[in-house]
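Two complexes are shown next, each including chain A; its partner changes from chain B in the first to chain C in the second.
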Partner chain A sequence: MCLGIGFAGIMSTLFLGLNWAPSVSINAFESPAAQRIFYWHVPSAWAAFIAFGVLFTGSALWFFKRSPLGWRLHVAGAEASLACGLMAVWSGCVWGAAEWGTPWDWTDVRLNTFGLLTLLALFLVLGRQSQPDGVETRDTFSTFGLYGFILVPLTYVATRIWQIRHPGPVIAAGDDGGSLQSSMALVLLIGALSFTIFIIGHMMISMRITHLEQRLEQAQKSLDGGN
Partner chain B sequence: MVVQSTNGRFDVGLQSRTSMAAPLLSLVDVEVRRGMSVVLTGFNLEVASKDVVVLHGKNGAGKSTVIESCARLLPLEKGSVHHHGSLVVDSEGRRALAKQPFGLTLQSNGLLGDETIENHLTTVCSLSGMKTDILPILDAYGLAHRSSDRIGQLSGGQARKVAVIAGLLPAMLSPQPRLILLDEPDSGLDEDALAALISDIGQLREAGHAFVIASHHPEMMKCATRLHDLESETNQEQPKCQPWKAVGTQENVSLLSSRTGHRYLRSTRAGIARNGIAALLVLGTLLAFIDPINLEKNMLVGFILAAPFAAGLAGDPVVYLMREHRAVDWWRAHVNRLPAADFFAPVLGFTLSALGCFLFLDSFNWKLSLIGAGVLWITLLCVRFIELSTMRLARPNAVFIRLLLPILILPWALVVEYLGTL
Partner chain C sequence: MEGTNYLTVAYLGMIAAIALWTWTVVVRSRSIEARLEAVELSIGIDASLADEIAVQSNVSAQDDATV
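Now for the complex of A and B:
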C-alpha cells in the first residue's frame, strides 16, 4: 500500500518536475536543464537520511537491548539507506557532470561523507548476506551502524562549514533560505512526502521478510535437532 | 562429587572453592551466546591448584566455548571470568590481562606457518617472562631435530605437538602454579606424543599447576581429577607421581621483534609482497601515462604520496599473516595490543616517498618523505582498525570491509591539496 502510494507520488514528482515546475534562471546555472534532476536528488537524499536514522535506531536497539525488533530495523534501514543513497549519489553525479563538468570531487566533504554513508549501507547489506546469522554478526554490524551515524550530522553541516563544490542547503536554510519559488517548493514537497511514504513501505516489507527469514531459520534448526 | 543444580544453574567445584583461598580460575554465572544459540548459561566453575578438569560431552555442548571464555576470547552475555582472583573479562565489557601467565592451546593451532618452532616457543617463554632451553622439551615429543624448521613445513600432527607444547610451556617454566587451557590437545597426536602429554600433565599437576582440558579421548579423561560434562561433575583419584621440576629462569626478554611484526615480516617478506608491490604498481601506472615535467605542484605532491597511500590501503601485513590458524586469537588471549607492522610502515612510507621524489621531482625531499611515512602509517592504522573490527565474525574474510576504505581518500586528498599550496 505504502509502496504503491509512494511510487505513484514519485512518478508524479518526476512528471511535475520535468514538465510543470518553472525553469531556473539561465544565469544562475551552467546547465539549467539538468537542474530539474533536483526534484529527484533532494527527496531521495531526504529519504536516505530517514533510512540512516532507522538504521541507527535499529543498531542501538540491538546493541544495547538485544532487541529482535532492533535487528529487523537495522536490516530494513540498511537496505533502504542503500536504495535511497544510490539514488541520491547517482542523480548527484549526473547533475554534477552537467553543472560542474565532473561527476565527483574527492575534496568535497558533503559528497564524500554522503558517499561513505551509502558505501556503509552497501557494506552492511552485502556483509550480512555473507555471514551466518548470530550475535557475532549482529553485534559487529550494529557497531558499524552506530559509528556510521557520526557521518549523518557531519554530512548535514558539511556545506555550512566547508562549502567546496556542493551547494548550500535549500531546506531549513535559516535566514538565507526561502529562495525557492512556491511552485518549485510544492513539487519538492510532493517529492519529499512521496519518497518518505515509499521508504516507509519499503522498510515495512523488509522487516517482514527478515522476520520470515528468522522463522524459517528457527524451523530449520528445529528440524536439525538444535534449540 | 557432583553437582548441585539450582534454577538450571550448575554449581560445581564446591569442594575446591571452600578449601582453596584463591582459585587459579573461576567462572561466575557465565552466559555465552554463539550464533543464535545460548551455549552456556548460569555456568560456574572453579579450578584450584592441582585440579585437572576435563570437559567432555557431545559436539556443540560448549566445551570449546568454556575454554575460549576462560581465555577471554568470547564476549560474555552475563557473568565474569577471573584468573588467580583477578577479573579478566566480564559481561560489562571489561577486559584485563591475566596477572599471571597462562598456557593456551586452541582447537586451531594458532601458529604462524612462517615462524620456526624455536621462535614460537621462545615467544611463549618471553610472554611468561622466562627463558629456557627448549630442546629437551621438544625431544620428549620427537621434535628436537625440527626446532629450526618453519611450522608451515611440519605435518599436521607435528604442528599440533608444537601448539600443545606452547600451551604447556608456562607451567613447565614456572615453579608457581599456572593455569593451562587445552582444547582437544590429543587431536592429531600419535601414541608416543599422547603418552608424553599425559605424563607431563600428571607431573605438572603434582607440581601444583591446574588444567582445563576439552577432550573426548578416553586416555585424556583418565588423567582428570574432575570429569565435567558441563552439567554435572565427578571426581577421580589420581596416583601420585614425580612432580615436574620447573625448567625456566626468570628473564624479561623483549618482545619487540614479535610485537612490531619484524620477526614475521623478515621471514615472510609479506610487507614487501603486499604493500610494497601495491605501491610500486601505482607508481608504475602513473609513470606509464603521465609525464611528470608537465604536472602542476599539487599534482606532483599527489603523485608522490599516492604510492605510500596505496601501500597503506593494502592493510597491515602482520594482521594478514595472523589470520592463519587463528593466530590472532592466540595473541589476543595473551596481550592487549596485537603485533602490528608499526615499525615497517613508516620505513616503507619514507622509502616509497623518497623514490617518488626522485621520479617526479628529480631530487630528494626529506619533508615529503617524512610526510609519506606518516601517510602510510596512519592509513595502515585505519585499515587495521577496520579489519580487526570484523575479526569476531564467523567468516571475516567474506565481509566486504574494503568498501569502507574510501573514507581515507578525503583526508588524503585534503593533505595533498594543502601541501600543494605550500
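Now for the complex of A and C:
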C-alpha cells in the first residue's frame, strides 16, 4: 500500500513539477527548463538520507545487539540508499551538465561526499550478494554501515561551510532565508513526502523478503539433514 | 543540448532507477517462489493444494452434489 501511494505521489510530483510549478528566471539560471529536475532530485536525496539513517540503525542493532531485525534493516537500508543515491547522483549530473557545463566537480565537497555514500551503498549491496552469509560477513558490512554514516552529516553541512559549486540550502536555510516560492515549495514537499512513503514501502517489502529467504534457508537445511 | 532534453534524460534515468529497484524485489520474490517449490517437492506437497480451505470446500461441495 505504501508503495502504491508513494508511487502515485511521485508521479503527481512529476506532473506538477512539469506543468504547474512556475518557471525560474532566465537571468538566474543558465538552463531554466533543466531546473525542473529539482522536483525529483531533492526528494530523492532526502529519501537517500532517510535510507542511510535506516542503514546506520540496522548496522548498529546488528553489531551491538546481534538483532535479526537489525540485519534486515541493514539489508533494506543499503538497497534503498543505493537506489535513491543513484537517482540523486544521476539527476544531479544531468542538471550540472545543463547548468554548469560540467556534470561533476571534484573540488565540491557536497558532490563528493554524497558520491562516496552512494558508492558505499553499492559496495554493501554487491558485497552481500557475492559473499556467503555469516557472522563475519555481517560484522564487516555493519562496520562499513556504521562508519560510513559519518558522511551523512558532513554532506548535510557541506554547502553551509564550503559552498563551491552545489547550490546552498533552499529549505531550512537559517538566517539567509529560503529563496523558494510557495508553489515550488509545495511541489517539493509533495515530492519529499511521496519519496519517503515510497522508500518505506520498498524497505518493508525488502525486510519481509529477507526474512522469508532466511526461513526458507533454514527449512532447506532441516530437510537436508543439517541443523 | 536543449534544457528540455536534459530534463528528459534526467527523469528517464530516475524512472529507470525506480524500475530497476522494483525489478530486483520481483526477482528476489521469484527466487523465493522457486526455492519454496523445491522444498514442497522434496516433502511431497502439491503447490496447487496449498490453499487448504479452498480444497476442503471443493471436496465438501462435491460430496453434497453426489448426495
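Assume the second predicted complex is superposed on the first by the 227 of 227 C-alpha atoms of A that agree within 3 Å, B and C clash if a C-alpha of one lies under 4 Å from a C-alpha of the other, contacts with A are read in each partner's own complex, and residues count from 1 in each chain.
The rule is simple: contacts are C-beta pairs under 8 Å (C-beta built on N, C-alpha and C of every residue); 3 or more make two chains touch, one makes a residue touch a chain.
Since the structure is predicted, the reported quantities are computational estimates derived from the model, not experimental observations.
Trainee: With the two complexes overlaid on their shared chain, look at chain A and say whether chain B and chain C clash or fit.
Mentor: Partners fit side by side after overlay.
Trainee: By the touch definition at the top of the document, which applies to A:109: first (chain B), second (chain C), both, or neither?
Mentor: A:109: touches chain B, not chain C.
Trainee: For A:120, select first, second, both or neither according to whether it touches chain B, chain C, the two together, or no partner.
Mentor: first
Trainee: Is A:13 touching anything from chain B or chain C once the two structures are fitted on A? First, second, both or neither.
Mentor: In the superposition, A:13 touches no partner, neither chain B nor chain C.
Trainee: With both complexes superposed on chain A, which partner does A:44 reach: first (chain B), second (chain C), both or neither?
Mentor: second
Trainee: Under the stated touch criterion, which partner chain does A:136 make contact with: chain B (first), chain C (second), both, or neither?
Mentor: After superposing on A, A:136 lies in contact with chain B but is clear of chain C.
Trainee: Check the residue A:194 against both partner chains and state whether it touches chain B (first), chain C (second), both, or neither.
Mentor: In the superposed model, A:194 contacts neither chain B nor chain C.
Trainee: A:155 contacts which: chain B (first), chain C (second), both, neither?
Mentor: A:155: touches no partner chain.
Trainee: According to the stated criteria, A:223 is in contact with first (chain B), second (chain C), both, or neither; which is it?
Mentor: Second partner only.
Trainee: After the fit on chain A, how big is the angle at chain A between chain B and chain C, using C-alpha centres and going to the nearest 10 degrees?
Mentor: Superposed on A, the angle at chain A reads 90 degrees.
Trainee: Quick check on the superposed model: minimum Cα to Cα separation from chain B to chain C, whole Å please.
Mentor: Minimum over all C-alpha pairs: 19 Å.
Trainee: Take the contacts of chain A with chain B and those with chain C, and give the residues found in both.
Mentor: Shared contact residues on chain A (touching chain B in one complex, chain C in the other): none at all.
Trainee: Which of the residues in chain A end up touching chain C in this complex?
Mentor: Counting only chain A, the residues touching chain C are 7, 10, 14, 18, 31-34, 36-37, 40-41, 44, 79, 83, 86-87, 90-91, 94-95, 97-98, 202, 205-206, 209, 212-213, 216, 219-220, 223.
Trainee: Can you name the residues of chain A that touch chain B in the complex?
Mentor: Against chain B, the touching part of chain A is residues 106-107, 109, 112-113, 115-116, 119-120, 122-123, 126-127, 130-137, 139-140, 143-144, 217, 221, 226-227.
Trainee: Where on chain C does chain A make contact in their complex?
Mentor: 1-4, 6-7, 9-11, 13-14, 17-18, 20-22, 24-25, 28-29, 31-32, 35-36, 38-39, 42-43
Trainee: List the residues on chain B that touch chain A in their complex, please.
Mentor: 33-38, 60, 75, 389-390, 392-395, 398-401, 403-404, 406-407, 409-410, 413-414, 417
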